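Each structure below appears as C-alpha cells.
Next come two complexes built around chain A: one with chain B, the other with chain C.
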Partner chain A sequence: MAELRYVGKPVARDDAIDKVTGAARYTHDLAVPGMLHAVMVTSPHASARIVRIDTSDAEALPGVRAVLTGDGLSYRVGLYMVDKRILARGVVRYHGEPVVGIAADTIDIARAACRLVKVDYEPLEPVLDPRDALKEESPLVHPDLETYEHAKGVFFPEPKTNIAHHQRVRKGDFDTAFASADVTLTAKFYNPPVQHVPMETHATIVQTLPGDRAEIWSSSQSPYTVRHLLSVCFGLPHANIRVHVPYVGGGFGGKAGLHLEPLAYVLSKASGGRPIKIVATREEEFNTLPSRQGLHSTVEIGTDKSGRIVALKATYVWDAGAYADYGVNVGRAAAYSGGGPYVIPNCWIDSYVVYTNKIFGTAYRGFGHLEVLWGIERAIDMMARKLDMDPVEFRRLNLLREGETTITGEAFTAGHGSPVECLDAAAKAIEWGTPSEPASKPYKVRGKGIAMLHKAPAMPTYTSCAVVIKLDEDGAADVLVSGVDYGQGTYTVLKQIAAEELRIPIEKAHVTWECDTAFSPYDWQTVASRFAYMGGNAIIEAAADCLRQIRDVAGQAFDVPPDKIVCEDGVAFVDGDPDRRIPYAKLALGYTFENGNSIGGPIIGHGRFIATGLTHLDPETGQGLPAQYWTYGAHAVEVEVDTQTGEIEVLDIATVVDAGKVLNPKLCDGQVVGGVVQGLGSALWEEFRFDESGRFLNPAFVDYKIPTAKDIPRNTQRILLENPQPGGPYGARGVAEHPMISVPGAIGNALHDALGIEFTTLPLNYERILLRILEQGDRG
Partner chain B sequence: MLGAFDYVRARSVEEACRLLAERDDAVILAGGTDLLVEVRNGLREPKLVIDVKAIDELARLDPSDEEWMIGAAVPLNRLAEHRAIRESVPALADAALSIGTYQLRNRATLVGNLCNASPAADAAPVLLTLDAKLSVAGPKDFRTIPIAEFFTGVKRTCLTDGEVVTDIRIPAPPQGLKTVFFKQQRIRGHDLAVVNVAGSYDPTAKTLKVAVGSCAPTPVLLEPTEATGSTAAIAERVVELAEGATSPISDVRASAEYRRAVLPVLLRRLVDRLLSERSGA
Partner chain C sequence: MTHEIVLTVNGQTERATVPASMTLLELLREPLHLTGTKEGCGIGECGACTVLLDGAAVTACLVLAVEADGCDVQTIEGEANDGQLSTLQQAFIDAGAAQCGFCTPGMILSARALLDRSPNPTDEEIVEAIAGNLCRCTGYEAIIAAVRRAADRIGGEGSDG
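Let's look at the complex of A and B:
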C-alpha cells in the first residue's frame, strides 16, 4: 500500500469548534413550532399495585393539553423482550418508573399539573436481590413472562420464574477436569448497578402527523433502531417515521434503543398532533432511565501443578432490574467471553439475567465485560498466589494464542492480535517485578496490579450498515451515515478514510453531522465498538464506487479505457500523460465537452458492510461464532493507599490495546484517557444505593460521585499495538469500550499487592478499603 | 423548574431586614448556591427572594489591625485569594477552597455557608477556632453572636425573624498563629465533607483550639487545650475530647463506623501539623 496521507494521522476532531463555541445544536436546544413540554409522574415505590389514579385536578389546570396513564395505552415496548409499558399499568416495578405523562404549554405548567395528580398505591414486597429472585418462593416481577414476545432462538426466558434469559457455555467436561485438578479456587464477586451519566440527559421531540406519520428528534445512538422499534410498537410503516439525530452529548450505551420517544409519541397523538418535547432531569437520568446492571459472580478455577488452567466455571447472576432491555444481551455477550482471554479446555458458564424491582439495566460501555472481568481477573490473581506463581507468569502461561480455541470453539489465529504482547507491554509499563518506590508518607503503602481484557462487538449475526458519498460541485465529498458520533470521534476517522480513499485533500471530505433516516443510509446502531470498523469498510467501498464513476467519465472524456485513469489529489488524469487531466469539480455533476455535449451525471457512491460468518450460539452449549473480531488488551496500575483513611490514589495507569491499526492517534488517546477515567469511576466510587424498601438514595451528583479532573491519575500511559485485523479497515479493530474494562481488576490486584487484602466487591471506595484494613488489624 | 417568586434587590441592610420581617415567606439570597438547590428540590417555596449582593457594605473584605471583617456578600474565591488571609489564616483560605467548584465559589459566600447551617459546613470549624463573631442586623437593632452559639441544630441557627447576618468578624490573628484545616472527602474533586477538622495554635499563649464538623448535629468547638507536653500526648487529649463531644451517624455519604475511624486520624495529623515546629516541644 502506498504511504497513507490521512489515515493514522492525528487529525483534529471535526466537531471541536462547533462544540466549544456553542454552535453545535443538541436535541436539548431544539424547538419546533407549536411544541408542548411533557413531564412524568414517577413511582415512589419499588413494587406496588396501582389502586387508583386521579388526574382530574391536573387536567383542569389551564395550559394542560394532554394527560395519559397506562390504562389508556395498550402498547408494549421492548428490544429483545417485549416486556415494558410506555406508562406503568396495574403495577409499578421500580422506584422511578413513569406512571403518568402530562403535556402542557410550558414546563412549569406541566410540573405543576404533575403535583396535582393523586396516585394511590398498595405497596408490594419488592424483589431486590437477584439471588433471592432465583428462589422458588420469590415474588415474580413479571408473572406473565411466558406471554411476552421475544427474540426466539437467541434469548430463553423461563416462564413462572424471574429469569429473563439463561445463557449457557459448555466446553469439554468441567466436572471431571475440576475434580482431578491439582489446585482449585472458588471465589465470589459483586458489581453494583451504575449510571452512564452523559453530559446531555435523554431528550426527544416527537410530532405525530396526518396519515399516521411521525417526525422525531432524539438524543439517540440509534436512529434506525428508534424508527424500527416505533414502527413495531405502533404498527406504522417504516417510511412513515422520520428520525433526526442532531449532535448528541454522550451516550455510553444508555442512548441505544428506545427511551422517551414512545411516551412523547402518544402524548402528541393525545394533544392533536402537537410536537412534544421531553427532557430528562438529572434525577430522572439516574432514576427513570436505565443503568448498568449489577452482577453477582462465582468463579471456580482448577489448574494442574504447572499452573495450566484445566477447568473454569463461572456463574453470573445479573441484576436486570424491572425490564430486560439490553440486559439479556449483556448476559449473553458476557457469557461467551466470560472466561477471560485464556485457554480453558473445560469450561462451564451459566449467565442468568434476572428481573428485580430496581431500575432496569441496559447497554453500558463494556457491555458486561467490565463486570465479569472484575471477577475473572481478581480470581486469576488469587489463583496465581495459590500456585505460588507470579500473576503475570500465570497469565502468560494461559493466555490465548495461535492454534488454541476459545470457549465457544473459535480458532484463535494471528489475526486476533496478541494478548501475550499486551500483557508484556503492560508489565513493562509499570516495571512489573521491580518493587515500588517507598510511599510518600509512613502510613501509606504502594502496590502494583495487572489485569487482562478482551471484548468483541455484541451484535446480531446480520448486523449491517451503508454509506453514501455525494460529490459536490467543487469536487468535495459529503459522506452520509447514520451511525452517530456522540463524542467518540468516529466522524473524524471516517472523514480521514474518505479523503484517503477518494484521493482528495482532507479539507474536502465532510461527514454530515445530523443523521436523518429520510436521507442517511441504514446503520444498525452505534454501539459495540464497531462503527469505525463497519462504517470504515463501507466508506472504502463507497469511495471505490465514486472512483469507478470518475474513471468511467474521465476515460470517455479522454477516450481511454477507465483503467488508464489515475486519481490523485482531487484530479483525474491519464496514466503516463498527466497533462490530460480533469479536476473532480468538472466531473462531480457530469462532464461537459467543449461543444456543450455532456456525459455522466452527479456522482454518488454507495458502500455497505455486513457481518460475515457469524452464527447463532447453540442454546445448550453456547458453541458458535459470535464475534466479528476480538480486541485484546491489558491494564497495569500502581496505587498508593493511606492505611489510616483508606484513601487510594492511582499513581500510574497503563492501558494496552491491540488496536490492529491506529486510525487517528490523537482520538485513540482521548478514547483511552476517557475510558480510564470512566473505569476509575466504576472501580472506586460509583454505585446506586438503595434503602431496604428499594428506594433509590443517591440520584444526583451530590452523593453519586464520579471522577473529576482532580481524580485523573498522575500518569496515564497509552500503548496501542498494531497487529493487523484481517478484514478491518487498514487492519483496524474497535477500541472504544476497551480502555475502561479492566481498570477495576487491575486496581483490585494492586490493592492486594499493597495491603494483602482480597477485595471482591466494587466500588473500592475509601470507606470500604479502610474498614477492611481495620478488620484485618482486628484479626491480628 | 422553579416556583414563582418575587425578587427584590435590596439597596440597604435596613431594607433587607424590613422586607424579611414583613413577610414570613421571604428568604435572603447571597450566593444562592444552597438556596436555589433547595427551591428546585421543593424543600423551600419562598414567595419573596431578597438579594443582598448589591448592598455595598456587605461586599467589604477588610483585615485591619484589630479585627477582620468579611461581608456577607463576599464570595469564597475572593476571600481565599485575599493575600492577608492566605498568609495569616491559611486554614480559612483552605476551607473556603474546599467548598464546591471554582465556578460555584465565584457565587457562594462565607456567610451563606454558615447560615445554611449544615453540620458539614466547611467554613465553620476554622471560624470556631478563631473566635469569630457574626454581626446581625434585625428589624429593631443590631447584635453580635459568637459563632459557637450560632448553630442550634441541623440546618438551624439562632437567628430570629427578620434578622440578617451582615458580616463575620475575626479578632486579628496573634503573631505567629498557626491554623490548619483538614477534610476527608469521598473523591479528590469537589465533595461534601465526610469529616472536617480545623485547629489554631497560638505559640505565645500556648493554647490549641480544635473544631470538628460532620460528626454531630452542628460543627463542634472542643474545649481549648494547653499545648504542653509531647505532641502525641496532646493529640490523644484532643482525640479524647472529640470523642466525648461528637456523635457521628451513618448516612448515604459514610457510615458512623468510618467517621469514627477517620476522625482521630485527622485530629492526630492536625495536631502534629500545628505543633510540629513548636519551640521546646
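Let's look at the complex of A and C:
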C-alpha cells in the first residue's frame, strides 16, 4: 500500500470550531414556528394500578393545547422487545414512568398544568430484586408477555414469568469437567444500575403533517431506527417520516433506539399538527429515560493443577427494569462473551434478562461487558491466588490464541489481534511484578491490578450501512452518511478516509453534519463501536465508485482507456504523460470539450457494507457466529488507599487496546482517556439507589456523582496495538467502548493487592472500602 | 410581574422586559437567541450554562434575569473577536478538548474567568476553576491541557488575541 497521507494522522476535529464558538446547534437549541412545549407527569410509585386520572383542571388551563393519557394510546413500542407503552395504561411499572403528557404554549404553562393533574394510584407490591423475580411466587411485571412482538429466533421471552430473554451458551460438558477439576472457585458479584449521563439530555421535536407525514428533529444515535420504529408503531410508510439529527450532546448508547419521539408524535396529532418539543429534565434523564441495567453474577471456575481452565459456568441475572426493549440484547451479548477472552473447553452460561419494577435498562457503552467482566476478571484473580499463581501468568496461560475456539465455537485467528500482547503491554506499563513505591503516608497502602477486556459489536446479523459521495463544482467531495457523530469524532475519520481514497487534499473532503433520512443514506444505528469499521468500508467503496466515473470521463477526454488514467491530488492525468491532465473540478459535473460537446455528468459515488457471515445463536447451545470482529484489550492500574477513610486514588492506569490500525491518534486518544474516566465513574462512585418501595433516591448530580476534573487519575497511559483486522478499513477495529470496560475489574484487583480484601460489589466507594477495612480489623 | 432591565451582552446593550422568575439562562437562550449557552441540569449542578457576569463565572440558571440588570455579561458567542478565535478557543481545538461539545461553552467561560484573574495559573488552579463543569466525554485531561496551553500562549504573547 502506498504511504497514507491522511489516515493514521492526528487530523483535528471537523466540528471543533462550531463547538468552541457556540455555533453548534443541538436539538435543545432548535425551535420550529408554532412549536409547543410538552412535559410529562410521571409515576411516583414503582408499581401501582392507575385507578383514575383527572385531567380536567389541566385541560382548562389557558395555553394548554393537548393532554393525553395512556387510555387512548394502544400502541406498543420497542427495538428488540416491543413491550413499552407511550404512556402508562392501567398500571405503572417504575418510579418515573410517564403517565400523562401535556403540550402547552410555554413550558411554564405545561408545568403548571402538570401540577393540576390528579392521578389516583393503588400501590402494588413491587418486584425489586431480579433474583426474587425469578421465583414462581413473584408478581409478574408483564402478565401478557406472550402477546408481545419481539425479534423472533433471536430472543426468547418466557411467558408467565418475568424472564424477557434467556440466552444459553453450552460448550463441552461443564458438569463432568468441573467435577473432575483439581481446583475450583465459586464467587458472586454485583453491579448496580447506572446512568449514561450525556450532558445534553434527551430532546426531540416532532411535527405531524397532513397526509400522515411527520418531521422530526431528535438527539438520537439512530435516525433510521427512529424512522423505522415509528413507522412500525403508527403504521406509516417510511417515506412519510423524515428524521433530522443535528449535533448531539453525547449518547453513550442511551440515545439509540426510540425514546421521547412517540410521545411528541401523539401530542402533535392531538394538538392539530403543532410541532411539539420535549426536553428531558435532568431528573427525567435519570429516572424516566433508560439506564444501564444492574447485574447479579455467579461465576464458577475449575482448573487442572497446572492452572489451565477446564470448566467455567456463569449465571447472569439482569435487573432489566420495567421494560426490556433493548435490554434483551445486553443479556444476549453478555452470554456470548460471558466467559472472558479465555480458552474454556467446557462452558455453561445462563443469562437471564429479568423484568423488575425499576427504571429500565438499555445499551450503555460496552454493554454487557463492563458488567460481566467485573465478575469474571475478579474471579480470575481469585482463582490465580487459589492456584498460588501470578494473576498475569494465569491469564497468559489461558488467553485465547490462534488455533483455539471461543465459547460459541468461533475459530480464533491471528486476525483477531492478540490478547496476549495486550496483557503483556498492560503488565509492563505498571511494572507488574515490581512492588509499588512506599505509600505517601504510613496509613496509606498501594496495590496493583490488571484485568482483560474484549467486546464485539452487538448487532443484528443483517446490520448494514451506506455512504454517498457527491463531487462539487470545485472538485471537493461531500460525504453523506447517517451514522451520527455525537462526539466520538467519527466524521473526522470518515473525512480522512474520503480524502485518502479520492486522492484529494483533506481540506476538500467534507462530511455533512446533521443527518436527514430524506437525503442521508441508510445506517442501522450508531452504536457498538462499529461505524468507523462499517462506514469506513462503505466510504472506500463509494470513493472507488467516484474514481471509476472520473477515470471513465477523463479517459474519454484523452481518448485513452480508463485504466490509463491516474488520480492524484484532485487531478486526473494520463499515466506517463502528466501534462495531459484535468482537475476534478472540470469533471465533477461533466466534462466539456473545447467545441462545447459535453460528456459524463455529475459524479456521485455510493458504497455500502453489510455484516457478513453472522448467524443467529443456537437457542439451546448459543453456538454460532455473533461477531463481525472482536476488539481485545487490558487495563492495569496502581492505586493508593487511605486505610483511615477508605479514600482511593488511582495513581496510574494503563489502557491497552488492539485497535488493528489507529485511524486518527488524536481522536483515538480522546476515546481512551474519556472512556477510562467514565469507567472510573462505574468503578468508584456511580449507582442508582432505591428505597424499599422502589423509589429512585438519587436522580441529581449532588446525589449521583460522576467524575469531575478533580477525580481523574494522576497518570493515564494509552497503548494502542496494531495487529490488523482482516476486512477492517486499513485494518482497523472499533475502539470507542473498550477503554471503560475493565476499569472496575482492574481496580478491584488492585484493591486486593493493597488490602487483601476481595471486593465483589460495585461501586468501590470510600464507604464500602472503609467498612470492609474495619470488618477486617475486627476479625484481626 | 415584569421588570425592565438593561444589560450589556457581549458588548451590545440589550433591553428586555422580563418576568421576575425568568433566569438569566432563559433570557439569553430565548429572547436573545444566544443558544451557545447550554442547559444541562437547570439547578446549578453541571456548569453547562456558565457565563461571565461582570467578569465572574456564574451558572446562568441560578441567576435571575433581573439580577443581571446593569451588568456586563459575556457568553460563548462573545469569546471570538470579529470572527477571530480567541487563544483559548484555539487551544481547545488544538488540544482536542471538545468531543460532544455540550459542556464546551461553559468550560471555556470558566477557563476565561480564570485566565482573566490569573494569567499564569497552576494546574491545581485550572482544575479548581473547571471542577464545577461536568464533562462526560473527554475525561478532562485534554481540557486541562487546553487551558494550560492557552495560558502559556497568552503569557508568551503578552495578550490574548
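We adopt the following convention: the second predicted complex is superposed on the first by the 780 of 780 C-alpha atoms of A that agree within 3 Å, B and C clash if a C-alpha of one lies under 4 Å from a C-alpha of the other, contacts with A are read in each partner's own complex, and residues count from 1 in each chain.
As a working rule, contacts are C-beta pairs under 8 Å (C-beta built on N, C-alpha and C of every residue); 3 or more make two chains touch, one makes a residue touch a chain.
Just so it is clear, the model here is predicted, and its values are computed rather than measured.
Enquirer: Answer with first, second, both or neither: which of chain B and chain C does A:Y224 touch in the superposed model?
Expert: Touch status of A:Y224: no partner.
Enquirer: With the two structures laid over each other on chain A, which partner does A:V248 touch: chain B (first), chain C (second), both, or neither?
Expert: It touches chain C, and chain B stays clear.
Enquirer: Could you look at A:W524 and tell me whether it touches chain B, chain C, both or neither (first, second, both, neither)?
Expert: neither
Enquirer: Once the structures are superposed on A, label A:E767 by its partner contacts, choosing first (chain B), second (chain C), both or neither.
Expert: A:E767 sits against chain B, while chain C stays out of touch.
Enquirer: For A:V702, using the defined touch cut-off, is the partner it touches chain B, chain C, both, or neither? Pick first, second, both or neither.
Expert: So A:V702 meets both chain B and chain C here.
Enquirer: Quick one: classify A:K710 as touching chain B (first), chain C (second), both or neither.
Expert: both
Enquirer: For A:Y364, select first, second, both or neither according to whether it touches chain B, chain C, the two together, or no partner.
Expert: In the superposed model, A:Y364 contacts neither chain B nor chain C.
Enquirer: Does chain B (first) or chain C (second) touch A:Q644, or do both, or does neither?
Expert: Touch partner of A:Q644: chain B, not chain C.
Enquirer: Tell me which partner touches more residues of chain A in the superposed arrangement, chain B or chain C.
Expert: If we count touched residues of chain A for both partners, the winner is C.
Enquirer: Pick one for A:R689: touches chain B only (first), chain C only (second), both, or neither.
Expert: Touch status of A:R689: first partner only.
Enquirer: Identify the overlap between the chain B-contacting and the chain C-contacting residues of chain A.
Expert: 702, 707-710
Enquirer: Please give the residue numbers of chain B that touch chain A in the complex, ascending.
Expert: For chain B paired with chain A, touching residues are 1, 184, 186-192, 194, 252-255, 257-258, 261-262, 265-266.
Enquirer: If you look only at chain A, which of its residues touch chain B in the complex?
Expert: The touching residues are 107-108, 111, 644-647, 649, 684-685, 689, 697-698, 702-703, 705, 707-711, 765-767, 770-771, 774.
Enquirer: In their shared complex, at which residues does chain A touch chain C?
Expert: Of all residues in chain A, those touching chain C are 12-13, 15-26, 28-29, 196-201, 247-252, 281-282, 486-489, 666-667, 669-670, 673-678, 700-702, 706-710, 712, 716.
Enquirer: Which of the residues in chain C come into contact with chain A in the complex?
Expert: Against chain A, the touching part of chain C is residues 29, 34-43, 45-46, 48, 75-77, 79-80, 85, 89, 92-94, 96, 98-105, 108, 127-128, 130-144.
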